[in-house]
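What follows is chain A paired twice: with chain B in the first complex and chain C in the second.
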Partner chain A sequence: MKFDFILHWLWAIVFSILALSGIAMAGAKYGWVMQYDIATADIVHRLAAVVYVLLTLIIIIYEMIRILRRDKTKKPWLVFGPSGYGLFTFITTLIFIVTGAMIWLFMDSSHAVTAFALWIHDKLTYLAVASVIWHIYMKSHALKWPKKKAQKGR
Partner chain B sequence: MFNKQKRPFWQLSSVFAVLVILVLALSWSNPSEKVSQMDASMADMMSNEVLGYTTIPDLFNPGTMESTEVLSSNGGHAGHHDQAGRLYAIHLITTALLVFMLPIIIAGALFLAIVWPKPVKWRNSK
Partner chain C sequence: MWMKKNRFKLMVWMVTTSFFFAFAAILISMFRYGPTEQETMSFMMGMMKAMETSLMGLSMQVKEDANVQWLVYESVQFALPLLAISIAGGVYVRCRRKV
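Moving on to the complex of A and B:
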């Protein structure tokens, strides 16, 4: 199994956990997503956020190594890329991480910073979730089980 | 009407739709839960309450606002952390990891932002 494929699906799982726990905390309107258990949603969101940041770091280092080695091979499953949806994911991820870190670190010391970062984090979530749905729609052929493709090939 | 190529998407969507209906049904059937009447999200509420009178310099001066509230809330948090030692330890470890990884990510992102526009020409020519 390819490294970029594993990273892609790990990323998808972690993003889903973050989106669900984040939406559950976003407001009372969406609290039902996690049965109004905001405390658990907060812990889950923070733990998943660390994994998300770690995955981001791994993907960035992987991409840097590829560039430094002048690796020309196409990596269709790689989460970040210099154009298209890869670039969009890269930019939104950086904004998510920076605003998330601002909320995390300044929650107790500055309401201004927290409010500003939280507003961006919140609005970006809706944009990112909508884009993920569009991404799944566009790449839905990849959801087909590979065995079926092999059988058709015969 | 539906494109056959997109069938997996609609299958996945129907699975999620069933899950959402199940969670909603479970949520509404639980009498112990009290659904809040608030419709606004936490971010909208905070931005209405705080950002309305916040200036840009306030964003760069953490700790200058609502000092009394911060002091009292910090006191409360300290006591809470003592009670939940394991949670506090997890908080410290995850915060340390985040603070350690953040500068590396920003540096890596800067590197990619500089190098990414070049490789297309650079890789094709090699």
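Moving on to the complex of A and C:
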């Protein structure tokens, strides 16, 4: 199995967990997503965020190794890219990480920083989830269920 | 081909469906009435519980621990030069190799 393929789907799973646990914490209107169990949502969100940052580092290191080796082979499953949706994902990921770190670090010390970072984190989530839906639509051929092989004897 | 195997397709369907659920949850929450008083109370109680029992509470304890704070400070002292070297190395490689 290809490394970029594994990274892509690990990324998708972790982002899905982050989106669902994050939505539950977005406000009283959204709490029903996780039955108002904010404590669990918080733990899940923070643990998934650590994996998310690690995956980001792995992908960046993988890209750097490819540059050093002058590897120009196409990696269709790679999460980040120099243009298109790969670039959008890269930029949004960096903003998610920076604002997430700001929320985590300044939650108790600076309400202004936390509020600003939360606003960006929150609005970017809606944009990112909508873009993922678009991404799924564009790559919907991956959803096609494999056809059964022709029965013997026909 | 391994990508056309049923178990792979099943995973694709499950992961993609979760995004549709997330999107639907956002839309439903945005455009519905409320929140009611009961929902607000449930949310606030959930937040209070998170403050006590989750990593949020743990991170607050870390902030009060002088030893951990010293460790974080020392780590940052190491991390910042490493980060600067990494960025400089990346820029050098990017410019030099012209990939």
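Here is the rule we use: the second predicted complex is superposed on the first by the 144 of 154 C-alpha atoms of A that agree within 3 Å, B and C clash if a C-alpha of one lies under 4 Å from a C-alpha of the other, contacts with A are read in each partner's own complex, and residues count from 1 in each chain.
Simple rule for what comes next: a contact is a pair of C-beta atoms (placed from the backbone, for glycine too) under 8 Å apart; a residue touches a chain by one contact, two chains touch by 3 or more.
None of the values given here were measured: they were computed from a predicted structure.
Of the two partner chains placed around the shared chain by superposition, chain B and chain C are both touched by A:Trp32.
Of the two partner chains placed by the overlay, chain B and chain C both lie in contact with A:Arg46.
After overlaying the two complexes on the shared chain, residue contacts for A:Ala12 are found with chain C alone; chain B is out of touch.
With both structures placed on the common chain, the touch criterion links A:Phe106 to chain B but leaves chain C unconnected. Common to the chain B and chain C interfaces on chain A are residues 26-33, 36, 43, 46-47, 64, 67, 70, 72, 104, 108, 136, 143-144.
Put simply, chain A touches chain B in their complex at residues 25-33, 35-36, 43, 46-47, 49-50, 53-54, 56-57, 60-61, 63-64, 67, 70, 72, 80, 82, 90, 94, 97, 101, 104-106, 108-116, 118-119, 121-123, 136-137, 140-141, 143-144. Contact residues of chain B toward chain A in the complex are 5-9, 12, 23-24, 26-27, 30, 33, 35-47, 49-51, 54, 58-59, 61-66, 70, 73-74, 77, 87, 90-91, 94-95, 97-99, 101-102, 104-106, 108-109, 111-112, 115-117, 119-120, 122-123, 126. Touching chain A in their complex are the following residues of chain C: 2-6, 9, 11-13, 15-16, 18-23, 25-26, 29-30, 32, 34-35, 39-40, 42-47, 49-50, 52-56, 59-60, 63, 90, 93-94, 97, 99. Listing the residues of chain A that touch chain C in their complex gives 1, 5, 9, 12-13, 16, 19-20, 23, 26-33, 36-43, 46-47, 64, 67-68, 70, 72, 104, 107-108, 125-126, 129-130, 132-133, 136, 142-146.
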